[in-house]
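Presented sequentially are two complexes of chain A, the first with chain B as partner and the second with chain C.
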Partner chain A sequence: MSVAILAAEFLTRMAQNLQPDQPSASEQYLGEDMTTYIQWNNDRAREIIAAHALFDGAALPILHALQFEFGFIHEEAIPLIADALNLSRAEVHGIVTFYHDFRRDPAGRHVLKLCRAEACQSMNGTGVAQDLLATLGISWGETTPDGSLTVEGVYCLGLCACAPSALYDGEPIGRLTLDTLADVVREARAP
Partner chain B sequence: MTKVLISTDAMSLALGSRRICALLAEEAFRRGLALDIVMIGSRGLFWLEPLVEVETSSGRVAYGPLKPSDVGGLFEAGFLEGKDHPLRLGLLKDQPYLARQTRLTFARCGIVDPLSIEDYRTYGGYVGLERALGSQPQEVVDEVKLSGLRGRGGAGFPTGIKWDTVLHAEADQKYIVCNADEGDSGTFADRMLMEGDPFTLIEGMTIAGLAVGATKGFIYIRSEYPHAYHTMSKAIEVASNAGYLGSSVMGSVRAFTLETRLGAGAYICGEETSLLESLEGKRGMVRAKPPLPALKGLFGRPTVVNNVLSLATVPWILANGGQAYADFGMGRSRGTLPIQLAGNVRRGGLIELAFGTTLRDIIEDFGGGTATGRPVKAVQIGGPLGAYFPASMLDIPLDYEALAAAKGMLGHGGIVVFDDSVDLSRQARFAFEFCAAESCGKCTPCRVGAVRGVEVMDRIIAGIEPQKNFDVLEDLCTLMTDASLCAMGGLTPLPVMSALTHFPEDFDKSPRVAAAAE
Partner chain C sequence: MPMIQEIDYGTPVPVTDKTVSLTIDGDPVTVPAGTSVMAAAMMMGTAIPKLCATDALDAFGSCRLCLVEIEGRRGTPASCTTPVEEGMVVHTQTQRLADLRRGVMELYISDHPLDCLTCSANGDCELQDMAGAVGLREVRYGYAGENHLEAPKDTSNPYFTFEDSKCIVCSRCVRACEEVQGTFALTIEGRGFDSRVSPGGLDFFGSECVSCGACVQACPTAALNENSIIEMGQPEHSVVTTCAYCGVGCSFKAEMKGSTVVRMVPYKGGKANEGHSCVKGRFAWGYATHKDRITKPMIRKTITDPWREVSWKEALDYAASEFKRIQASYGRDAIGGLTSSRCTNEETFLVQKLVRAGFGNNNVDTCARVCHSPTGYGLKTTLGTSAGTQDFASVDDTDVVVVIGANPTDGHPVFASRMKRRLRQGARLIVIDPRRIDLVKSPHIQADYHLPLKPGTNVAMINALAHVIVTEGLVDEDYVRERCDLGDFESWARFIADERHSPEAVEDLTGVPAADVRGAARLYATGGNAAIYYGLGVTEHSQGSTMVMGMANLAMVTGNIGKAGAGVNPLRGQNNVQGSCDMGSFPHEFSGYRHVSDDATREMFETFWGVPLQNEPGLRIPNMLDEAVAGTFKGLYIQGEDIAQSDPDTQHVTAGLKAMECVVIQDIFLNETAKYAHVFLPGASFLEKDGTFTNAERRINRVRKVMPPLGGMADWEVTIALANALGFPMNYEHPSEIMDEIARLTPSFAGVSYEKLEVLGSIQWPCNEAAPTGTPMMHVDRFVRGKGKFMITEFVPTEERTGPRFPLILTTGRILSQYNVGAQTRRTENSRWHEEDVLEIHPFDAENRGILDGDLVSLESRSGDIALRALISERMQPGVVYTTFHHAKTGANVITTDYSDWATNCPEYKVTAVQVRRTNRPSDWQARFYEEDVALKRIETHVNAAE
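For the complex of A and B:
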């Protein structure tokens, strides 16, 4: 194999690892980028629900797939899921609202998940997070007025030996400082 | 062609390994050099990451920690021949941090290509499964019993006894469920293993399936671990295609299939009955026990629910014998414990050792003290429901019973170090705040108690009627401990009361308030 092919192949492979053209079920979850979300539509939602309805315990796989496609769980999804799984609307509403992951409204173009747990606290994660939120003028779970960035708090990303840490559109970042977060905000706001 | 290995474990990625990877490829391309870049898991020496290893005739020579600006210099220095460079570390296995460890569960992590079955077999993979296929189910269960393996998720229940119950339960369908909802802060061993050596978990679950007569398994992975979910799902695909999973496991008449499932950001789903509810597609509400999941678990069928590390240790036990595993450890804690050292520490990482090492050894010798260089004030062991201990108590050995005797718990083996800037009254408040955010809401002591706990702590921190509020706090903690349905509410008092017991000065806010009032 020639060097050129090898290096190029490697770079493609790496790029694919993050943003595959045709994401498989597991690849779907790697990386979150609002620019790839599509507008809510009932027909597409029905297709997604049907494709996952036969899974054992289908509700979570369906909700993840819907959020991956549309960026949030639209109110109209609830009766569709209830019909497909033979559940009441109240039960589906109960499931959606139980889990922190499922958004009821669209997120910004980019999502920053900042860790709020103890290991990150020990490295001034709380201070860094508060400064960021104050700079952006938003609270946990909110989106900047320009729609560029949503900041969500999470409890532990398993990156505790390089605290404080975050996931930015699914990409891990460690040893966060105000400077690295300023870079993230700048990138999120870039057109 | 020279083989260059680099970790793409999520923590390595967080430290910039993807950029290093791309720069290596670009630089090699520019120089017309042929490189075989292999992305592997991490060995767990995170203060040295991102690091690259080059395969040479004298072994894998490591260089790190690398900044993007170091890459050009590495090529200039001749790192592809293992030549000298200021960041040359030599062989990783000679690093004292690694040389002092006993890696059984993590023997392959950071060495093998995570998605290569050939690599896995080269390094001893599937020997345990072969033995299990040639044994009776009871023999496999007895081997696990003999090993003394206890659940690594936190409760420390003997794995072999759990398996025995499921083996002798009558049912048309049984399940193996792997609890990969590793939500405790300061823990990352499950994540590392799933990203670095996923076939070990697959093999362990397959052995469990053969042992108890289960043909189907689920791995419930938290959504905060997208990389682990991705690698694990891929590995299942690879193992299925290679005949290690499916209707005929390794050409036998035995069947075992596996699926991954993604959690959705609920800490409580790490509790086994809540996890089962979630797997069934419901709200993750805790179930009352009995019935035990071993008898009435997933979809009402007998189910083995084990942590990632418990299941991933089984292949080693089957390959080397239960007695060989039991020969490690102390007291009733047999074998090795993958300790995760995190937080404010200079050398954080994964440390797998036989049970019985002291906290001091881990934090001072392995960890090298705090990252900030300030004195250690407190360590929290076992996640958000674990106790805080002061620097004066670091001689406690890491063992289930010894920690319980010191009114703490080992949990999943995560240790978070804090320097002297921490205020333990704030940490106690956070314990309640976390419980309030993550309680499933089924039982009142946890659902309401956590909220009341935050309020009481706010009053204590504000210096309002301290003695009265300490009484309320203690009463509340007793109630939550005694009356909660599961460990979430039942153990939240542990960090709170340990903080109060060991750091009373942090709770005495009266001088500050008095000064403010004047």
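For the complex of A and C:
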């Protein structure tokens, strides 16, 4: 039997088994745990890709799963995904670069995502963020030299009611001040 | 002469009988249903401003320049994405629209360099045109904001440059790569303001890009522009002509400055390519003016003498006197001629006329001997005509595509793009090939079945497929009863139903699981319109002709001949291989495939040419070489063919050439065969002459002269001069007169003339009283031969067997960037993609021999041995190795043998038993090649110049 027919059968079975209340593949990987990332390796990446490849619209679930496992999307992942999904490398590159959430380089041990959208801006989010970056001596998207913390910008976490807001290793923080951010940095730098 | 202007309707125009009437700017217009408002407006001559739309691509609706107002609708919809509706009232020019369009242009130009005067696209820039059309006078946003003006250029591709700062991110290039070419090598990287066109984050040269030029063609600005335009500026006139590479026969506009080609642009009006191109035709034309061109006639007494440049008269007189001397000493049959599938129909016709009427024998053959001669034989026997059954457009109606022994994405890329488009629309695909070619799996393409058979087992495979169809009751009985010879069918059905042809019985032979064969056969028989496309992997075997007949059997038994979307379709290798066969290049046939023993035909030619003609077939190429070695064949006139590189068993070919007393070469370069020649007559490239080429779909296309012949004479003029020097008068003022003679003497060409070609653009033969505008599809109501003839196709294994000494099978082929012997493409930047021939070998076979990727290896058969680099590849199956024959110095045909097709002598290039081992030096043949490459190519004047 050809691969295409196998795939079609598999998809049908998957559709029958999927429960509506199950979290989507993307939702499964929302809570990142920075401490458990493993070193990039092709074989493990292939396993992850194969496990998701037969889903409809598999590219995003695969990318989420890879980032969940390795902390970032390694350059070598692109041809592997392209091959598995029968896409071109360029198409996969287009998908990866479209979403800022997919990192192209390893992050620090912890990740702080600061909201830069309108509501947070109006509540002095910009000022707080600039102060933090100046203190750490890094720019948006960079990691502190000791590798403890990566600071990324995001555009609306849906936490406007407690702006300015952030996500620290997947956990929301509201009403940010320089003090709360100092706590975050201290925790990140803790051994 | 002006530039040819092609209308861009902005969006594809649907082909349908249903029409819709609407009003645009107060004028009524009726257009096909499904047409966009933009295209409908263009049909009445109203150009709506646009940037992201072009009619080669589906509507996209991103540039927001083509907005219109439609009465009764809110807002300003994009005219490209809005289909026409009955009674619609459209306004394309209002103050509101003008303001909107100008506002959009202001945004574009706020992030675009203002260097129009020094820009390479100046004079051919849609952005500039649109700024003019909308009346852009200022940019209120200024130019100081964030921008992309410093974005770096990508100059990695040798033929075009990507100037990112000029890019307006309209996605036309990305969509062209997807929709037209089907490679998907481009994407939009990032999002929002950061969105840029990107070849997958790499540079163009290192990316998946195949350099077809579709993106460059689609780009409305200078972002993607040909390097030749950057260097030379805009052309001033253009001429429509036909590409001289493969058998697809793409139409191009040669865009010129005087007699210098500035660029070749695929012509939308060309019915074979409809505006698409590949890296060869689009970019690899620089060979025509390469410094290696030989433009002066030369002669020499012996091949070890240096060449001496002489006048045309001296060269022609010398050749004529030698041919006469040889015939006087050794007999009339001691000389012959070879026509070329690279030359025009008219030139080919003249060469065979010269041989038959001037030399007085039938010793004429052509390079089709070594490629598609089994096609001619097999299809003539079964269906009645020596050509493919469909036009290329037929694939748009195909439901099941079967590709056998062909690699269209490399060999026939423009047709492959069309086929891939159909496959993306959902057609099913069966690939029968020993190698995992790109079609088996590449972005958005996946074969339903890949049957990776062992080389040499084609006939066993086709019989197994037919066995399944006959024994599982899948025969289209009505069709067979109505269209085919029933007696032949019944004996064939009995033969094929025998258990020895079952997929299970031949599984060990072919190496393909029986279940896959059964599945593929069922799909072919029941999947709707099924079309077979095949190449040299079918013909270049000891049973090449049998296999062609086996495919015809398969198509007939399932009713797949005579309708759109079906057929048996040879993908012919050379630009005019169909034509050279049509023109009577084979020793046994006059033009139109009529045997020389047919008295009525021969008498017609005798009357018209005024000389008696022989009624026995003459010598084929291999016979000529054998007889040369034996000492009875002494002189050969070769027009545009390089048998010392292209024909099998090189050492036998060169031995034959060395044994001749006068070899006359007519070519644009001092090719491999010229090393063994005594007279060199400068040839002319396709840019230097008028004529016609006939492509794989029997389409006769015009070739038009855009520059004078560098050597002073076009090839047809040289043959005329040689004939006259021999005392056989020929007088033609223009190739159209030769075509008139062809039409007069050839029933299938009876209605062809240059005047008609001028009107119709191209004509598919047969073209005669019954079909005055030609015949896109053959065998529609009945087969040309009357009833379709089923032929018994017993599988007889080749005598070329693997054994302890030669345990592997070598199969040969070609790749995208190089063309055949490489005489042309090696003299272009195409060599950057393929600098040398390599040996593809499966990791298992490599490991067994301690071979690493890139190692120099010795490849040896019973014919000879060569050394080349190994490329370890899982595209191969274990036990099979593969190489190309593009580089003379590699000598791939030193390895191939003298075995050939039983019916036509087409060489068995695809099966040679070989051994592969590591080595550290070139082979003896290669060492001798390097010496002779200097010794046998010396030119006297050059020697003097050096002194």
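Note that the second predicted complex is superposed on the first by the 162 of 191 C-alpha atoms of A that agree within 3 Å, B and C clash if a C-alpha of one lies under 4 Å from a C-alpha of the other, contacts with A are read in each partner's own complex, and residues count from 1 in each chain.
Here is the rule we go by: a residue touches a chain if its C-beta (ideal position, glycine included) is under 8 Å from a C-beta of that chain, and two chains touch if they have at least 3 such contacts.
A quick note: this is a predicted structure, and the numbers were derived from the prediction, not measured.
After overlaying the two complexes on the shared chain, residue contacts for A:F98 are found with chain B and with chain C alike. Chain A has more of its residues touched by B than by the other of chain B and chain C.
When the shared chain is aligned, chain B comes close enough to touch A:A117, but chain C does not. Of the two partner chains placed by superposition, only chain C is touched by A:N86; chain B is not. Taken together, the two complexes place residues 1, 3-4, 91, 94, 98, 100 of chain A in contact with chain B and also with chain C. Against chain A, the residues of chain C that register as touching in their complex are 183-191, 198-202, 207-208, 441-449, 515-516, 519.
Of all residues in chain A, those touching chain B in their complex are 1, 3-4, 6-8, 10-11, 14, 17, 24-27, 29-31, 56-61, 63-64, 85, 91, 94-95, 98-102, 113, 115, 117-123, 154-163, 165, 167, 170-175. If you check the complex, the residues on chain B that touch chain A are 8, 10-11, 13-15, 18, 21-22, 25-26, 28-29, 32-37, 46-47, 182-188, 190-191, 218, 223-230, 232-234, 259-267, 278-284, 299, 340-345, 348-349, 371, 380, 384, 414, 416-419, 422, 427, 430, 434, 437-438, 440. By the touch rule above, chain A contacts chain C in their complex via residues 1-5, 78, 82, 86-94, 97-98, 100.
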